[in-house]
């Protein structure tokens, strides 16, 4: 029997400081833009129209930050999370050079934390994944941690290292790839009159609309990102597992929630940071995703009067409209209908 | 609670002469061409092959007229028909500058008619929507009318204004963006030997083939056009409505019927006008669409001997082959299996 | 009633030596690349990243050989297999000039064999289909044979001509559109350390992963290829046929099996030949496809020390993992779970 097949790494295969250069660099095409629009219906003007992006002082129209995130994330799956039990969280995600059509992304991950679970059969792996373009410029840099199976429960536990997780990305680390100084920003074409100064900390916005997910939709998306996690694609195997169904890639929910958030946050043109995130409950085909957001912080950007940032919490639910902002129960746990809790930062004109 | 969410306009929000510049300009990419082909399987040579288009004297390969139509239509939905009860009809649709990869479309609509319904709870709004490219050239210009809910039944009825609806677009208003003079038109590669002179007024063509629609297909298409009408996407909400299911965007049926019409009208390379149209009955996932066409008029184009036009009626049905041309019953009403009645004009070499 | 509709050819419409120039040339776009990735999740680096392809000495990043194959195949369907009962086999498939974004493919087929079946109602048609780009360079050249209905059982049988089917494409006929001489080939980015010399004849590889197919997936793919065979698309008609369901285009299974084969054959960057192939059993939406491969031959390429070829048999199954390499029963017939038996040749660095 051949041993040429890649089995993915198990918990005992990881060590602190280990650096993994992931396979399959990926060139972004105009097709990715169209598929991303078709999959989520995103309407942010800066990533929809070259003319609008150029009028904002972008060099060229960038692709959606989240498409960049998914491509970088996808590369890391075969090495990091093929044998994962759960994707536990994200932290410290910064977006650097915007990705354009024709750019090629490559991802490298470094193991920065390890903790075996008390059951001795699984452990948590913390990695810092960095996606770069063909010029070596950072495109996305983030930390995620996943629970991974051990192959052999008898293998010894590594020394526990829990990294200092970065908090919210600081104002001075937010990169702004456009400049509105001396330019007219067209709020009508952008879809909303509300700019940076119009949002209040603590303000909550129900994004109203809902989007139902089909199996084809999430599989098309997840394959596009060359994410190979088995649980998303193989109904034959999932039928035999406890859960019985294909699980939807958590990033698909992030993109849907972001697209829904246009209704209320249309000028939040670009995501500059993903501060923290959790997939509170799993989603399946047939679920209808709704979302609401809370303004966590209104951030002034050093030296910039043309643009500011909003730190937001966007919460997505399944089969539950968000007019009363469902979140956590009295026990402090996520309500069962809550599927995403994302703390991130968007750039928005002043 | 935030008021930053766009609720869409209600009947009493519209006034005669009101001009609405719609949000989210949209740049056409090569990805749109591929998705359009993948969604409908269209085979018209002029929009499938750059070589063929150039051999016809097009400057560059244009994208399908209907893709242009859907993009322009999609922009208008959040402002015009988010609270629509029904999309009642189209008239006077002219196609201008062909849309190419790299072009950016923006849409503006003007309210040209208003009529409150006798129930006092809804009214009909007539708008003239015009899509332009980044050079300000008209891409599509058409009238549609929709039935829209009132937010407050007590608000007073506006003065009734019913616009003179344009009839079929006149020969002199049809724009021909190619020139076959002195060129060989390759009927073999085009897929049919039948040219302008081979069609007779009154001739009816059964397009034979059928195409079944899945939920993923119509939602992918409708999101691609950034059309946000809730009824297409939200199964959770639709389940609670009388109809119980997601409604398919009528334009999806137009594109399917046009793609099916290749079998019988392969040389009708480009749609130059949509004279009138009605969505006779709703369609749902699982329906199989068939189509037939009737030649309404054979039009000579002023000063052109290389190309003519055919005014066609294409009728689409669900789950009903079209060998006996199903249309209207003895009562003059559409048969229940008829889903589209489209009066439009195609350009076809002589 | 109109006779403008193309009915497709029946068995008695074919004659030896007949040459058919198929309709609808097709320009390849960046959208095709993205959709191909989204449909199959293919991860071969040479067709995923422009930088990687250029580092291998490709002039430009080629599109996947199988996308070229499907486009060429699709063109031939309306003339060859619209009335086909079954697609019986492939032979002698050679890939020539790689297809790039912007290239336009046209297909011509020549009838090279005919044999009426003893039932007098069907016959087998052998065609040699050749796809060329806009410069007339051969892109794909292959033989396929299909069982086609007769329109009139009373029409006389043609003289039986069974062509000499080409065997496996010879080493000297394999075209290598890249040159690794003097270049570093990055096995890490490619996803596997195993190169030409690491594979043994007779070695078998279980590709482990499984992919479930939805109706939307195979229809989106098959329409993208402008393949019009009715059995793939029309549930209304299929419901009335014995099989009751839409059949999946066999080429969709080839592409899925090839994408799955990345896990074990990641350096087999390009398919250079399809030597023979059979669709052993039909597939339907809901099936989960698995695959395994056997190395049939390790081929040295004349004058090349940078690259070799592997002749492979890849077998795909439905709803059956491949750890014990399911293939044929004791009776020599394919097991019912086997859906594809493909004999092909890939190029792989030494």
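First chain written, first letter: the chains are A, B and C, and each begins at residue 1.
Everything that follows uses one rule, which is that a residue touches a chain if its C-beta (ideal position, glycine included) is under 8 Å from a C-beta of that chain, and two chains touch if they have at least 3 such contacts.
Per UniProt, the chains are A, B, C = Dehydratase.
No experiment lies behind these values; they were computed from the predicted model shown.
Q: For chain B (Dehydratase) superposed on chain C (Dehydratase) via Cα atoms, how large is the rotation, as a multiple of 5°?
A: The C-alpha superposition of chain B (Dehydratase) onto chain C (Dehydratase) needs 120 degrees.
Q: Please state whether the interface between chain A (Dehydratase) and chain C (Dehydratase) is built from the same residues or different ones, using more than half shared residue numbers as the mark of same.
A: Different; most numbers are used by only one of chain A (Dehydratase) and chain C (Dehydratase).
Q: Hey, how far is the Cα centre of chain A (Dehydratase) from the one of chain C (Dehydratase), in Å?
A: Comparing mean C-alpha positions, chain C (Dehydratase) is 36 Å from chain A (Dehydratase).
Q: Which residue numbers or ranges of chain A (Dehydratase) touch two or more of the other chains?
A: 29-32, 34-35, 214-216, 220
Q: Taking the touch rule as given, give the residues of chain B (Dehydratase) at its contact with chain C (Dehydratase) in the complex, in rising order.
A: Of all residues in chain B (Dehydratase), those touching chain C (Dehydratase) are 29-35, 37-41, 43-45, 48-52, 61, 188-192, 194, 198-199, 203-212, 214-217, 220, 263-266, 286, 288, 319.
Q: Quick one: in the complex, what on chain A (Dehydratase) touches chain C (Dehydratase)?
A: Per the stated touch rule, the residues are 1-2, 4-6, 21, 23-27, 29-32, 34-35, 78, 101-102, 104, 106, 134, 214-216, 219-224, 226, 228, 230, 233-237, 246.
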